[in-house]
Each structure stands twice: as structure tokens, then as C-alpha cells.
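Labels run A, B, C and D following the written order; every chain starts at residue 1.
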Amino acid sequence: MRKTISDLHAELVRNNLVAWTAGNVSGRVPGEDLFVIKPSGVSYDELSPATMVVCDLDGNLVEGAHSPSSDTAAHAYVYRNLPEVGGVVHTHSTYATAWAARGEAVPCVLTAMADEFGGEIPVGPFALIGDDSIGQGIVETLKGHRSPAVLMRSHGVFTIGRDPKAAVKAAVMCEDVAHTVHIARQLGEPLKIAQDDVDRLYDRYQNVYGQRSPR
Amino acid sequence: MRKTISDLHAELVRNNLVAWTAGNVSGRVPGEDLFVIKPSGVSYDELSPATMVVCDLDGNLVEGAHSPSSDTAAHAYVYRNLPEVGGVVHTHSTYATAWAARGEAVPCVLTAMADEFGGEIPVGPFALIGDDSIGQGIVETLKGHRSPAVLMRSHGVFTIGRDPKAAVKAAVMCEDVAHTVHIARQLGEPLKIAQDDVDRLYDRYQNVYGQRSPR
Amino acid sequence: MRKTISDLHAELVRNNLVAWTAGNVSGRVPGEDLFVIKPSGVSYDELSPATMVVCDLDGNLVEGAHSPSSDTAAHAYVYRNLPEVGGVVHTHSTYATAWAARGEAVPCVLTAMADEFGGEIPVGPFALIGDDSIGQGIVETLKGHRSPAVLMRSHGVFTIGRDPKAAVKAAVMCEDVAHTVHIARQLGEPLKIAQDDVDRLYDRYQNVYGQRSPR
Amino acid sequence: MRKTISDLHAELVRNNLVAWTAGNVSGRVPGEDLFVIKPSGVSYDELSPATMVVCDLDGNLVEGAHSPSSDTAAHAYVYRNLPEVGGVVHTHSTYATAWAARGEAVPCVLTAMADEFGGEIPVGPFALIGDDSIGQGIVETLKGHRSPAVLMRSHGVFTIGRDPKAAVKAAVMCEDVAHTVHIARQLGEPLKIAQDDVDRLYDRYQNVYGQRSPR
């Protein structure tokens, strides 16, 4: 799991989701009340399986030479409250964060969004770092939604998945569709996709391809 | 042909046409009713000649350890109905897909578009995955057009070529001109190119340079 | 220090902050009235610890085979007037420079901006190269601000830090938030963050994480 | 010269100025009525000193196994009519071409533009490929301007330099400022720079730094 999490951070870089050290991936340790997460303030080049840290579900450091990511409390809250979640990702990716800055959900106007998100990508509340506010905002928003991604107001994106790779995929796809829909909206209104068609696309993608998201 | 198709997927990545696994290239096997296509859900890093799959023109798997791309039915329909086509590419490249989301053709306002597309890049219908709808939409739209690229409404791009490399070139050029015309339109209206000049540019490019597209 | 400065120029390239040779990093030599800076007109590929040049705090060349960067006078002025500054960076990064071209501060509408900049990123005056005007503009603007970055009108960005790496981080984050806020503003108005919350985020980031900027 | 020209094509790729094979660099052979140019339709990966072709100043092939670039006539016209020019570059780089598509000059609102271009980047006429029209348009436009770059209407960019590297630098800087000014204009009007200040910046850059462009 340390190696998986270390390697997945390279995907954040490769997909242009992060600047400097501002993004992190975590993964639940199967069968234990623990998760592996990025150490705080360490650059992506210096990450390795050995530098990853292990926390319990209250976000306390259990193993590791560095402090855990400053977003650890939010990850821990998600693992405590959504037992089916095996991976969490946080980024400030540009286009998704721009929607978050306006407090606006990304409307479902692409078949790829219907497949992956099953509808719009919702907005969560403004929440300060330092206690459980961010974690609560994530969980309350995603519980009522098919979407594995939430745009936290004025902040950035959190995604969840049955495992860390699925959460990273959701983060990549979230930025991709946030980008495309932004570009589409710059020159007019994107055409709507009928709710029936959204449902059909989502059902097929989640069931036929066996890539069921945690809810 | 397996190696050609495997290598051409790297061009999709290099030209920033794809996020995660959302894009595919196929090529007709010369002299046979078969085509080679990307396996479903495999990341671009893991592709190799050996992982490519071979299908018949009804889209049935003939050879290969993985399932074929979920877009196989659309590729198969094109090969069945356009015998001069030797390669098909599908992407959700950002700018082309943004035009598709608005259901708007890219107007021919660049000499490079006149050369390569001979006019506007047309929009095809909204079509659900799962039967021949997407393939029909592609074929019906491209039959009346010089363009080797079609913007499928709310979905993405399909391009065709006399061989897979020509279809990849069309996908790269489609995104490039969709991008440039989008940027031009953000600050005003691009100037028109007279139809006569479009025709002259297209004729010269297709004939003098011997890069005749399949129609 | 030569090696540090040489290596940090690679970060400017990697983070897409510079075109051709238009950007530079300098660092104060600890305990001496000297700083190390990029040589003028040398491409980033050819930089090495040996090609870096050393100047005194009036910007005169002390050591090195090349002329110092044409922006040396501005760096020198900052070191003379802000003794707590250990590193200075200058770029023409696209989005930050676009705000500078309109003479408009980047408003603080992202939690990451509150963390790093403690409020808006301010605009400095128009100033010609050739004397102390640019240096004065930087120092006068940043003295009254939490921000380690200033957008010099019609020109580009200067950032400062307690050491060169902190100044490079500020340059990377400045472009990142200038980009995100630009994108947000294209489709509406970003939501405000209350001043109290900006203050709380800034205090926490600067104190809890020990990444206090020089002022 | 073959090696120089081959290597400089890699700069076009590295600076994202070209898609597929749509861009070319040429260089006059010192002391002879010849120039070296890219072969037609060869991908940038396959370029090498040996694949470059040599033409006389009427654009006829003198040496080389491939046909010369389809833009050879335009390069040749420039060398015949501007004896001080030692290098020519042509691209369809996105932002510069977007200004060209609207037939709009890039206004001089950045100090880096005053340095490098001495004012606006002008627009040349619409011209069809196939005779001297493009070359004439380039020469007529650039003769009355400080700018080493011209935006050919509905087409793309041509730049000139005292040598091929200077022409490549102008192509890189042209796209960079076309990009920044575009972004600035999206959210309002960039502030003007007084003509006096433009002149002072240009004089200093061209004379103090000895980077005099060919006119």
C-alpha cells in the first residue's frame, strides 16, 4: 500500500493536477483501521514508499518519520464515515477549483460525465482547515450523490473510490470534464443531455464495465 | 498492424488528446475482414503489440486476451460501411469536445483547416453507446463531407483515414484547429475565407501533396 | 549557493513559468553582502553552478565569466532594502503577467491564496529598466503587504522569500492562483472569503507549518 | 548549418509551437545563395542533419533526398528580398494564429514586447500558397516595422532573424506575448505603454544587449 500510494502521486503530477506540494492521495489498509497518506510538505520528487506515513482513523500518526499531510483530518473523517471507501484524493486542479471558487456545480453535459459521475459534480460547503469541517462537508455532499468527486467551495476537489487508483481516476476525470465544460461554456451554452440518457449511460458504465464506484 | 496501432496510441498521449484511458485507435487488416483495436480499460503505458485485440467487422473478438474497447461497435460499423477507410480514431480531446458539447461545427477560418478538412468540421447526432447508433451517426455525417473528422454531439471526436496514421493525424489536426478557432472566437469573430479559396487550398493539398483522404 | 540557484532555474522551466531566457532566480550569500544570480541571456539548458555569477549589493559583478542578468539592479535593490529577504525570483509567467497588464490585483478567493499570500496579490507601478525604479516599486509595494509576490504593471512578477526556494515556491503559487482565479472569473464572479477567514487561514499556515515568509 | 536547422526544429516542438508537421525553420548558408530548410511532411522525430534539404534562392532543390517544405517559396522570397535576414521560421502556433484569424495585430502592452518587437506585432495580407504571394506579404509587412514577426491573415506566423536561432527566438516570444495579451484582454483592457517608453525599452534592448534584429 505504501508503494501504491507513492506511485499514485506521480499520476497527479503527470496529469497536471498539482502545483508544488498541493495535492495528496491516501489509501485504506485492507482489514485494518489504518490508512497510508503523503507526508506534509515533501515534494513529489522525494516521495518513496519509505517516506509515506501511516495514520489511524482519527488521523493520528502511527508510523513514519514525517508529519502526515495537513489534510489528514479530512481523509480520516471520510474513512471513519464511509466504510466502503478505500481511497481519497485531494487536489487544487485548476478548472475544477475555478468552478469551486464560483460555488457552481459542473453540469452533466458530456457522455463521459454521465458514465463516470452519473450527473453533475456537486459543490460542498466552505470549511476551514483545523477540525472535522472539511471531512463533514465532503461526506454530507457525496452521500446524496452518484459523483465520486466534490468541489469544496473556494478550496479544491476531493474524490473517493473503492481503492486509491479509482479515486485518482476520479480526480483526473473531474479535472478533464471541468476543463471541457468550461471551454464549452465560454462560447455559449452546452446542450443538455436528457436525464433518462444520463441514467442509462451511468448504469451501463457502472455495471457492464464492472467499475462500480463505492456507493 | 498490432505494432502500428500500439505505437499510434502513444501519439494520442503525446499530443494531449486523451485523459486516463478515454481514447482509441484501430486499423483495418489489409486484405481481410478484420481490424486491430485497443483493449478496454488498459492504460496507455501498458499497451503493447501483444495486448492489442483483433475483431471481425461485426465487432466480435477474434484474437486477444482482453475485451476490445467499448467503442468497438462504432469502429466496426465504419469499416463495414466505408470500405475505403483503413483507420479510425476516437478521442474526447478538450476543444473539439467543447464544440461538440454545444453542437456547433468548427467553421473553416484557417488555411490549415481548408487544407486538411476542406471546410468546416461537422457535428454528428447525439447517440447512445450500446448499438449501431454511434457508427451510423459517424457514417451519415462524414459521407456528405470532405472532413475526415466528426464531432459527435455531447460526446467527442471520431476521425477516419486511408490508414491508421492518417486518422491519427486528422485527430491531432482536429484538436489543433478546434483550439485555435476557439481562442480566435473568444475576442471577436474570425475573418471568413472565401469558398473559392477554401476549394483551391483543399484541392492543392489533397492532390499536389498526395495526401488524399479516403473520400 | 551557486548550485542551489542553478537547480532552482530548472523549477522555473518545469513549472512553465518562463519562455526562452526570460526569468531569473537569485539568492543572498549567508553572512556576506553578496548574492548569486543567473547570467544574462544564457539558456536554461546551459546553466550550471559554474556559469552563475556573484554580485555585490549594488549589483556590481564580483565573480563570474558572464554579465549578470539584466534584472540584477532590481534584485540588488531588494537585498539592500529588505534584509530579511534571502531569495528573489522574476518571471513573465502568463496569467500573473496578464493581471499585471491590466494593472489589476489578484483577489483572494481561494483558501490556497489565503494560506500563501494572506490576501490579494498586489500590483506595483510601471517602471523602466535601467535604474532603481523597478526595485523601488517592488519594495514599496511589498512592505505594506503579506504577499511575497508583486505584479509589476505591464511587466511581470517579482517574488521574495526567506531563501531562494521559498521565493521560487511563491512564484509557482502566484502563477497557479493567478491562473485559477482567471479561469473562475471568465464565467462569473468568484465568491468572496470573509476577511476573518483569510486571517485565520494565513495565521495557521504561517505559524503551524513554520513556513513564515520574510515579513 | 544542416545540424543547426535540424536542432532548431526541436525547439519548435519543445516550445509547443507546432502540431504534427506544421512548422519549419530555414537558414541562409553564409556566403552562398543557398538556404537549408525542412523536408516536406517529415515528422519532427525523424529529422536529422542528413534529411535537411538545400535550396537556391528561387526555392529550387539543390541537394537532398526529400522535397523541400511546401512553404519553401515564401522562405526563398524573403531571402531574395531581405539580404540581412539569415533565418526564417513559420508556425501555426495557437495564440498568434488566433490573432491572425481575426486579422488583428497584437498591441504592445508588455515591456517584453517593447524589448523584442518594438511595438505591435503586425498583420500581413491573406495570401494563397503556390506563388510569391505569401513571401510578398511577409516582406511588405515587415519592411515598415521593427517587429521580426508577422501574423499572416487566416494562416499563421512568419518570423525573421539575423540567423536561424534569432528567428526561432522571435517565434517563441511571439507566441508567448500573443498568449499573455490574449489572456489579459479576456477580462478587460490591458493598460497602454506610452510610445516614448516603448521606444526607450526597444533602443536599450537592441543596443545595450547587442541583440539587434536584422532591420
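Worth pointing out:
By our rule, contacts are C-beta pairs under 8 Å (C-beta built on N, C-alpha and C of every residue); 3 or more make two chains touch, one makes a residue touch a chain.
All values reported here derive from a predicted model rather than from experimental measurement.
The minimal number of chain-to-chain contact steps leading from chain B to chain C is 2.
Two copies of one chain, chain A and chain B, touch each other, and the residues they use overlap weakly: the shared fraction of interface numbers falls below half.
Each chain gets a centre from the mean of its Cα atoms; the one farthest from the centre of chain A is D. Averaged Cα coordinates give chain B a centre that lies 31 Å from the centre of chain D. One inter-chain figure worth recording: chain A and chain D are separated by 44 Å, centre to centre, where each centre is the mean of the chain's CA atoms.
For chain C, the set of residues touching two or more other chains reads 186. If you draw each protein chain as a dot and join the dots that touch, you get one closed loop, with every dot joined to exactly two others. Of all possible chain pairings, those that touch are A-B, A-C, B-D, C-D.
Taken in their complex, chain A has these residues touching chain C: 19-20, 22, 40-41, 70, 92, 94-95, 97-99, 101-104, 126, 128-130, 153-156, 182, 185-186.
Chain C makes touch with chain A in their complex at residues 15, 109-112, 169, 172-173, 175-176, 179-181, 183-184, 186-191, 193, 197, 200-201, 204, 209, 211.
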